[in-house]
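Below: one structure in structure tokens.
Here the chain labels run A, B, C and D in written order, and each chain numbers its own residues starting at 1.
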Amino acid sequence: MSSNPDNGPAVSRREFDELFEAVRTWGRWPAPGRGAWNRVTADHVRAAASLVRTGTVVPIGRPWDTRPGPDNTRPALHHMSDLGDVEPPEPSAYKDFLGADYHGKSVTHLDALSHLAYRGLLYDGRDARGSVGAGGARFGSVQELGPLVTRGVLLDLPAVLGVDWLEPGRAVHAADVTAAERALGVTLGDGDAVLLRSGRFRRRRELGPWDCGAASAGWHVDAVPLLGERGVCLLGADGDSDVRPSPVEGVHSPVHTLAITAMGVPLLDNLDLEALSAACAGAGRYAFLLVATPLNVPGGTGSPVNPVAVM
Amino acid sequence: MSSNPDNGPAVSRREFDELFEAVRTWGRWPAPGRGAWNRVTADHVRAAASLVRTGTVVPIGRPWDTRPGPDNTRPALHHMSDLGDVEPPEPSAYKDFLGADYHGKSVTHLDALSHLAYRGLLYDGRDARGSVGAGGARFGSVQELGPLVTRGVLLDLPAVLGVDWLEPGRAVHAADVTAAERALGVTLGDGDAVLLRSGRFRRRRELGPWDCGAASAGWHVDAVPLLGERGVCLLGADGDSDVRPSPVEGVHSPVHTLAITAMGVPLLDNLDLEALSAACAGAGRYAFLLVATPLNVPGGTGSPVNPVAVM
Amino acid sequence: MSSNPDNGPAVSRREFDELFEAVRTWGRWPAPGRGAWNRVTADHVRAAASLVRTGTVVPIGRPWDTRPGPDNTRPALHHMSDLGDVEPPEPSAYKDFLGADYHGKSVTHLDALSHLAYRGLLYDGRDARGSVGAGGARFGSVQELGPLVTRGVLLDLPAVLGVDWLEPGRAVHAADVTAAERALGVTLGDGDAVLLRSGRFRRRRELGPWDCGAASAGWHVDAVPLLGERGVCLLGADGDSDVRPSPVEGVHSPVHTLAITAMGVPLLDNLDLEALSAACAGAGRYAFLLVATPLNVPGGTGSPVNPVAVM
Amino acid sequence: MSSNPDNGPAVSRREFDELFEAVRTWGRWPAPGRGAWNRVTADHVRAAASLVRTGTVVPIGRPWDTRPGPDNTRPALHHMSDLGDVEPPEPSAYKDFLGADYHGKSVTHLDALSHLAYRGLLYDGRDARGSVGAGGARFGSVQELGPLVTRGVLLDLPAVLGVDWLEPGRAVHAADVTAAERALGVTLGDGDAVLLRSGRFRRRRELGPWDCGAASAGWHVDAVPLLGERGVCLLGADGDSDVRPSPVEGVHSPVHTLAITAMGVPLLDNLDLEALSAACAGAGRYAFLLVATPLNVPGGTGSPVNPVAVM
């Protein structure tokens, strides 16, 4: 790997493929379409529920955004379909239509295992072409995943580093994980959902939106083996987990690929972690009950969500 | 009130208006747009989390349904927007668009306080016309509500009555509540989310869909004062909480009106409570941690959701 | 071919394939994506314009229908997006969103040549899988077709037969064409758009909607060679041109297949021809200027339209 | 009126209101929802059809644009709903969903008379609030308008002035009309559809898109009385007819207001007139048969269209 000041060491396609093999968990799980969520047993759920101390509930979903921008190229739809004048009163009804091509850089959403294929294969080695069509996914749908209730851990990198935010392009490495674990007093463990805060939405509020596809802070692929060893079941982030530009030649979203396709680890993209950062700092605790409940979409490759942390 | 064999005693408009006044809680809450969710304090959240015993997670949202039917007159949309051939690989991406005019009888959804007005007024006496427009709701939006974490109680009427389901049109009364409380070993209390099971989806699977707007089992308005006294914060149901046809002259959804508009109690409609019924029966417990996380839609009158019960 | 009282003689798959070969025009046209519209030269346009006598303009598109029904399984969307309260006045603006999965039995629409493939091939022998993806059609799009201005001929079968409508399932044969030509005083010719009236919408208004996929009047495949000889460039109908149920074993839409895939003849489905029938009867003329202007959708497989006949 | 170098003389609100009164045609027409289209009689249709000389058909609708940009803030939707794998073969079907919030600066569309209100009133003095609701328009819908077949005249200002395009902000005045009439050999007359070319799409192809709401070439209100005297029935443009910024204080779209609300003259916005400019120059004629066929949307405030000029 050669050096790159912005987004970490460059990684060749061969090195990436070796990494893919090294972290691959195909064939391991009884319910392969749920991938790493098989890790989360009833014991994990009980343990996560027992983390609730203050009872503070912190939602981490972004507002539904209907305005286009450099980080919102497929704006969501929100239309009023009744303003008390369609269905007859009484009572008068106010109704609305919601729509979104939710994958992208704006809508807070979950990526199910059918979202990505590498070299033509989905997680567990399923043939992508045969598994996903215009009617949806027959393997790895968000319906197969269902909801997640587990321990969440906020890796609040700006808090660890004493900065307002990580600059776009800043790669997060294994050493950042261990440094954060020490600084925040928490160690990632089996079945955890790890939420990586880069401070994107603080930066966005102060400096305005930018093209996150061109530059964003996120994981470098060299951190993924450690995340795999820790046994995490989900990667969440205020970006989309991948540092951009990608340090891997010919692979635009290498962390997505390793997580989803090699390891069966779903992603939560575009979380707004600012309030959670403040809540964790206030409580002096970076682990909490996390609940993410995707919509029950047969064949869906993911879902808009509004997960909550319960402190 | 005169007698009606199907849907309980008929109620005149004057009687209904008296009931509305009797249960009205306008002006009571510091955050009026959250209505009865003001009842749910951090203490309630902690107490609800402490209910987790087995760690079983039961989602209660219906599948996203794109086929029209007598109970699905505005079918949801699900379109694949990328099948690995739009965004260039690697990896190849599979993406989809979701859309729904979600109020109605099919999509599992939350009704926020802006969903309904009675005599031109929303909850807390807000003028409906001035509060909701083509741009959305300026009072009582689902964004104001945010997520709900509280104790859920399943009123499993078919289990109490020893039937497969309540027939469409069967009204549920205060006496049914107290009988269910005794039979199920749980008493509704302050801040509880009550989930009324009529067995709709068991009936639907066995007999096929029907027009739930014309006939469905649900609360009679005469049960609402008791629910108010108990201090419930949410009415959920496998129907839409209202018995239909409505027993109230000139009011098509009287329980909606009393709950949302008079009492500030949001509704969860079209829950699939069949698996939860089995889980509660198996555990011998009808109270659990309930988490409902609506999408964060500014100005939205509600949201599709997939709530979970954690046993 | 064996006899079938309802929808004409049954046709084996082998017979169908022979018919397909017999009428196939692959390789014939300089602009293959426009298929039989290559027939319509500037001379045809001028000749069609010269047919205008009275100046009566008759639109033949159905109303946009947002209600589901047996003949509308994917109802169209119509949402108001501004009611004078989103964009600031003055003036105040009223805006709306329109959406439709328009292929089907409800929306009046044009089928472009990318709409159908037979044995994996589009018109002109193009590989369907390689030509159409989630990003749209790269061959045979509605953008390639563009608008059509030509002579239209109404084959008003109920008028010829002295009935209110053809019953669903009634097959239309070559002999019906020649009988209609004699009765109506018009002969189909090169570059003509033929509009087949079965009286569907008169029947629908009088008897209500039915499942047109299960039974509708339309062309039998045995009429297609004559239509090919006549050199028609478009098949329009108040149904979708195919008699249903299909008389061809294993082919659900055999006239679609012969027209679009073998002959490059686009289709206009779900025309409301009732007013045009009256106008033609009144004028004593069944030929007119026809103008159909699909939306300019790159990669679209067709388009909603509202064609006009100018008498 | 004071001078303004960019967008013509500034106009006070009082002056604008006087202009509104001067050109107002309320109460004049038997079918008020069709406004100035009442001018177009069968005689006009016949005369327009007789203009066809070469038989060249020139579509003037822009491509359906799904990418956001400074002139496309509500991008259109285009989703494939079947790629031969949903409905069973044979044949295999390729289908798509189209959706658009079409008013704006991108989609070629027709504005019906319900699109705009001034001081609370639609054309013909109808109360806007009582006439348009979440269910659509009850007066002035695009369904009432129906299709237009009439003489079209291209006012090709760049051709007249010997420039590539009019710069954004350039106001077009009555004197420009008479100069263009002389230069192009055509005089606007009763029932004509006037198409104003500014060269927007040539500029866009050469220089890229810009925010047309902030600056675009178009009519100054001082030209409207002449257009009214000429008896035009429609204003079309490659922009949206209004010069921007608006020269009228407190009125963001004054030409829209005078045309639609005072005069009942629908608008065609976002036409691509580049090919038509070349065709007219080649033919040495700027008048032609124009056909615009909006979708038949009950209650619609307009429609996406792809009009054609037939030379």
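In the analysis below, a residue touches a chain if its C-beta (ideal position, glycine included) is under 8 Å from a C-beta of that chain, and two chains touch if they have at least 3 such contacts.
What you see is a predicted model; the values in this text were computed from it and never measured.
Steps from chain A to chain C, minimised over paths through touching chains, total 1. Interface of chain A with chain B: the two copies contact each other largely through the same residue positions, with over half of all numbers used appearing on both sides. Pairs B-C and B-D differ in how many C-beta pairs touch across them, and the larger number is found at B-C.
Averaged Cα coordinates give chain A a centre that lies 29 Å from the centre of chain B.
Each chain gets a centre from the mean of its Cα atoms; for chain B and chain C, those two points are 45 Å apart. Chain D has its Cα centroid 47 Å from the Cα centroid of chain B. Multi-chain contact residues, meaning those touching two or more other chains, occur in chain A at positions 77, 80-84, 97, 101, 133-135.
Within the complex, the chain A residues that touch chain C are 77, 79-81, 83, 97, 134.
Looking at the complex, you find that chain D touches chain C at residues 41-46, 49-50, 52-57, 59, 61-64, 77-78, 80-84, 87-103, 108, 114-120, 128-129, 132-137, 143, 146-147, 149, 250-253, 256-257, 261, 289, 291-308, 310. Touching chain C in their complex are the following residues of chain B: 67-69, 72-75, 77, 80-86, 101, 133-135.
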